[in-house]
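One chain, chain A, links the two complexes that follow: it is found with chain B in the first and with chain C in the second.
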Partner chain A sequence: MKSEKWKPWALLAPSLSAVVLLLVIPVCFVIVYSFWLRAPSGADIPAFQLGNYAKFFEDFFYPGILIRTIRIAFETVILCVVMGYIPAYFFYRSESRYKQIFLLLIMLPFWVSFIIRTMSWINIMGDSGLINHVLIKIGLIETPFSMLYNEFTVLMGLLMYLLPFMVLNIYVSLEGIDKSLLEAARCMGCTEWQAFREVTLPLSLPGVSAGCLLVFVLTAGTYLPPMILGGPGNDMIANLIFKRVIGTLDWPFGSAISVILLSLLFVIVWTYNRYLGINQIFKSFQGN
Partner chain B sequence: MKSFSLGWHLIRIYTFLIYVFMFAPIVVVIVLAFNPKQFGIFPMEGVSLRWFIKLAQNESIIDAFQNSLILGSLTAVVSTAIGILAAMAFIRFDFPGKNTLNTLLLAPIMIPEVVLGVSLLLFLRWLQQPKSFALLLIGHVVLTLPYVLLIVQARLVGIKKEYEEAAKTLGANAFQTFRDVTFPLLLPAIMAGALFSFTISFDDITATLFWATAQNQTVPVKIFSMLRNSISPEINALGAVMIVLTIATPLLAGYLSRKFSKFKP
Partner chain C sequence: MATVTKEKLDRVYDAYCNGRISRRHFMKYLGLAGASLGLIGTPFAGAVRDALAAKSIRFDGWGGSVSEAFREHAFKPFTKATGIEVIDGEFGDMNSYLTRVKASYPPGGEFNIAHLSAVFDYARYVELGFSSVLDESKIPNLNNVMPSMIKPLREITKGSLSAVPYDLGQTGIAYNTKHISKEKAEKLGASLLWDKDLKGKMGSWGGDFRTNMWYAALHTNQSPNNMTDLKAIWAALREQRGLMKKYWASGAELMSLLANEEIYATVAWSGRVAALQQEGHPIGYLSPKGTYSWMEYLFVLKGTDLDVAQQLLNFMLEPAAAIAVAEGQNYPPSLDPTKVALTDKIKKMPAFDPTGKLDGYLFANPSYWNSHQVEWTEKWDRIKAGS
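Now for the complex of A and B:
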């Protein structure tokens, strides 16, 4: 097979050059740009200085947004586990012949555009939205109360986006559990609950943690729910990047914030990979 | 399960509630799209196709739809083509640095889209190129490539190498082997990959918002700019069309692939 050495490289050439040219090099550019200066006229001046980073950390405003991002990401992760584990377990244990259809259904929202799922919370929670309409109809309240534009609605938007990822990850790892282990536990006299606690739950944890990582990373990198469902005080780090780059065209500062976000995620992914291994994440995408 | 039926019932109810949570926003969009009234959201004041007709007459929306469809199709073709080649390299060959390269090609999944958006745009700016349709296309290829790779690789692992070797022993060259043996066996994964890339491209907003211009809008970007004012029945109607399109396509493809897979050897 000596003569075939060039073949894999020929096959890889298009995708590798795409990723290197369109991802690796551009990300390097972001890093380089984060050290540049911005002239008052708006032009970017090549330089090597840490001013953009100093600006980020000079008072509590920007670090506050970073901390808020991390907090919201953790809240989303926890809510996703709480809301996602039981449905995943239901799919795993269900013997219904509609099981495949149930599974398909929980994945369907995944196919619906993020912006539609996000903006539709306005239909539900807006002043003349579904909830207010129903509450007024049954006479519980007289004037609509406003529920939108706070952290709670931002979380709703995030959950809508990320819950399918969590369910899928947990389900894939549950499906991987040898069911005879459960039967063995039951034969040894475990109750259903004990068998779950001693066998199923520990064996499904790789899927749970993979789901957590994915949800965390995706939450930290999104700006749409805060933009559409959040108020002025609910911006996350990605909103900041969007505003600096698209709004004020401050490329060097926008780049520096991007580098800060990337570093945060890199530390988290690296730590995760070191102790738990990253490959579980990719399993869930292969399943379908 | 009978011995634990109370718990099981609770699990079923809980799962049902999660379904309600997940589907409420989607169902509400579709229902409200038929609401004839001009302002506000609820209550429904009858059923009408008024907003769909208005959509069909709105040229910028038709344009956005055309853009989205062309962009999604091209992304699917390019991504799937180069994804199949890469998957063949990873599954059928051994070479130094294989695992590292595989991780590199999957990396876009783990990089926040907002950073992808900024970095590609910055690179373009450095090259002094204006935003264009090509930017959207290459951006969407990078976004979708990892998914194609994962799906095709997973299927390729399950196809025995012996089939290909048999074809070669019988005198087929590499291209003939791929065309007549590997490709038909891979077809379900190729269709799934293409469909996945189409949908991701068609739906994407986070990165696309960085790359789109007023001339090169996609439907989600159009929805975003319409949302600037406030939510309206027109947006809901547009959303409903998008939902039907993106949900009907995978279902149709699932049906087709089941039909095709009957011809599996």
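Now for the complex of A and C:
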């Protein structure tokens, strides 16, 4: 009925307004800014030119940081899958009455500020931190072993931040698997490992791929772990954007880098959609 | 004006559900409610808040022990004396604050007074059009301030003032006395920051090209305000990068790295070093010849209620308040020691000058450094990142 057509739009209006006001319009501003010029004082000069984009690609410095970001994002995804699948599977198979408490433990880190969680590693891995203190006390080393401010600690910070996202995605996907399928596989002669490999793993892949996409996108845009736990040369692309926008007041160039990052992420999401289907993400939450 | 209250909206909603009101009228009330919310939010936020708020003024400073000193010794007594509330904001560095000022609506309009770090920042704010013109007759305590600190400001704003000088300090070298002897530090001077024995134990301020280039200039025997051999500067910074454990990003991080002995030597703000020393950490302070000195100002931004701002500035320059703040933040005040009796604690602080003339102090030349800011910041960022 014609008179009913406005209803879905009316219901969607609040969320659509939020998306337009908080996402679409700001992104449009960023795109417009990326063509502007910056005065030496830090003032912005309206213009339409591609100099900011040309500057990004004129030598390998900026693309190098982008490539490093992508590499670190892939490494984080792999680590999160490997380290996230096991606890998710454990929760899925667990019949323990403490299962809900275990799940709550996964969420527990979110109760503490991300900055505090990241900085706490300094007290654990620092030269006068817990690990060095214990190693010196038990006589394994005489002088502190330097562990902080390198790419390893950046990866660790990212893992700590993103692992719960991966675990929850995989767990929700696993929970949607009908356990009678596993019983059927076992009845037909499959070993436990074969049942996992042939039934559980393929059916949980939507959750794995949803978690991968989420972890990848979040890693590509994060800047706190490299800033707090990284050393010289461990900056990622978000740190570069932060420095250009905040450090040098160069909003046009910062915007151009943001647009390049956004475009790259768009290509990755598009590729994901093309070959895996973005609807897999929703499937992982609906069960299979 | 009719006020849209929750009760009225509930009554309208009931009427709509019962079919006693048309959709058009219902939407009108919803629209009015939305408009009310919109007025409270941006972009009219400033105007509405100003109209509704009692007299108040916003002050943004460096946070930590510095802000604590301002709060305890200046803002609380000021509010008690005048009834004007001081809204106390904080920033981590000048650039992030300037970004917020630039992004405010109207630009600069949400902010009132800022604790600026040096004359070059005063110049930047003036160039961006954020300055105001203070009525100096309403700030009689300005007469107690060192003329040598006022003069550079007048040169930039052509005789008028948009800020009052408040304190001065240095970015010198902090070193761990357990691992570096005083004799060695004094012998090496600025070159201590290039000591290969400290590989993996060195720190520096990552957020400021100026400080790093300044010490590279001293290390390569050049004048920081007229560097003639930039290649030598970049080479020195690249060499130093190999020794570096961490480029720190804030005063709090600087103090944590030194206190936890993650680093043994770094450029450091004199007040923060004094705070560490007072806590009993084995940290020495070195100010080699040509040490980077700076003067800090309380800058009044365009659009601020000048009467209120001038009252606060005059109150803060009152000797009792200025001395208490100086002792709290560990930086000497701008008060002229030849006019105002200062305490022994202040007289022992780095950067204190008993003559009040500041002869021999080396400050960053605003026009020289500001004119190269974009180019040198980018170069510094590249070197820091390994280029």
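Methods note: the second predicted complex is superposed on the first by the 262 of 288 C-alpha atoms of A that agree within 3 Å, B and C clash if a C-alpha of one lies under 4 Å from a C-alpha of the other, contacts with A are read in each partner's own complex, and residues count from 1 in each chain.
In this text, contacts are C-beta pairs under 8 Å (C-beta built on N, C-alpha and C of every residue); 3 or more make two chains touch, one makes a residue touch a chain.
Quick caveat: nothing in here was measured; it's all calculated off a predicted structure.
Engineer: Looking at the overlay on chain A, is there a clash between chain B and chain C, or do the two fit?
Structural biologist: By the criteria stated at the top, chain C and chain B clash after superposition.
Engineer: Kindly classify A:Cys187 by the partners it touches after superposition: chain B alone (first), chain C alone (second), both, or neither?
Structural biologist: Neither chain B nor chain C is touched by A:Cys187.
Engineer: Counting only touches as set out at the top, which of chain B and chain C does A:Glu4 meet: first, second, both, neither?
Structural biologist: first
Engineer: Could you say whether A:Val269 touches chain B, chain C, both of them, or neither, answering first, second, both or neither?
Structural biologist: First partner only, chain B.
Engineer: In the superposed arrangement, which partner chain does A:Phe90 touch: chain B (first), chain C (second), both, or neither?
Structural biologist: First partner only, chain B.
Engineer: Quick check on the superposed pair: does A:Ile246 touch chain B, chain C, both, or neither? Answer first, second, both or neither.
Structural biologist: A:Ile246 contacts both chain B and chain C.
Engineer: Look at A:Trp111 in the shared chain and tell me whether it touches chain B only, chain C only, both, or neither; answer first, second, both or neither.
Structural biologist: first
Engineer: Should A:Thr222 be classified as contacting the first partner (chain B), the second (chain C), both, or neither?
Structural biologist: In the superposition, A:Thr222 contacts chain B only.
Engineer: Which partner chains sit in contact with A:Gly126 here, chain B, chain C, both or neither? Use first/second/both/neither.
Structural biologist: A:Gly126 sits against chain B and chain C alike.
Engineer: Chain B or chain C: which reaches more residues on chain A?
Structural biologist: B
Engineer: Where does chain C run into chain B after the fit on chain A, at 163-171, 253-261, 289-297 or 307-315?
Structural biologist: Once both complexes are placed on chain A, chain C clashes with chain B in 253-261.
Engineer: Residues on chain A in contact with chain B in one complex and with chain C in the other?
Structural biologist: Common to the two interfaces on chain A: residues 122, 126, 128-129, 245-246.
Engineer: Residues of chain C touching chain A in their complex?
Structural biologist: 95-96, 98-99, 102, 124, 127-128, 200, 207, 241, 244-247, 249, 256, 260-262, 370-371, 373-374, 377-378, 381-382, 384-387
Engineer: Using the touch definition from the top, list the residues of chain A that touch chain B in their complex.
Structural biologist: My answer: residues 4-5, 7-9, 11-12, 14-16, 18-19, 22-27, 29-30, 33, 83-84, 86-87, 89-90, 93, 95, 102, 105-106, 108-109, 111-117, 119-124, 126, 128-130, 132-133, 159-160, 163-164, 192-193, 217-218, 220-224, 228, 238, 241-242, 245-246, 251, 254-255, 258, 261-262, 265, 269, 278, 281-282, 285-286, 288.
Engineer: Give the list of chain A residues in touch with chain C in this complex.
Structural biologist: Residues 38, 40-43, 61, 65, 122, 126-129, 146, 148-149, 227, 231-233, 235, 240, 243, 245-250.
Engineer: For chain B, which residues count as touching chain A in their complex?
Structural biologist: 1, 3-4, 7-8, 11-12, 14-15, 18-19, 21-26, 28-29, 32, 40-43, 81-83, 85-86, 88-90, 92-93, 95, 101, 103-116, 118-123, 125-126, 138-139, 141-142, 145, 147, 149-151, 153-154, 192, 199, 202-206, 209-210, 219-220, 223-224, 227, 231, 235-236, 239, 242-243, 246-247, 250
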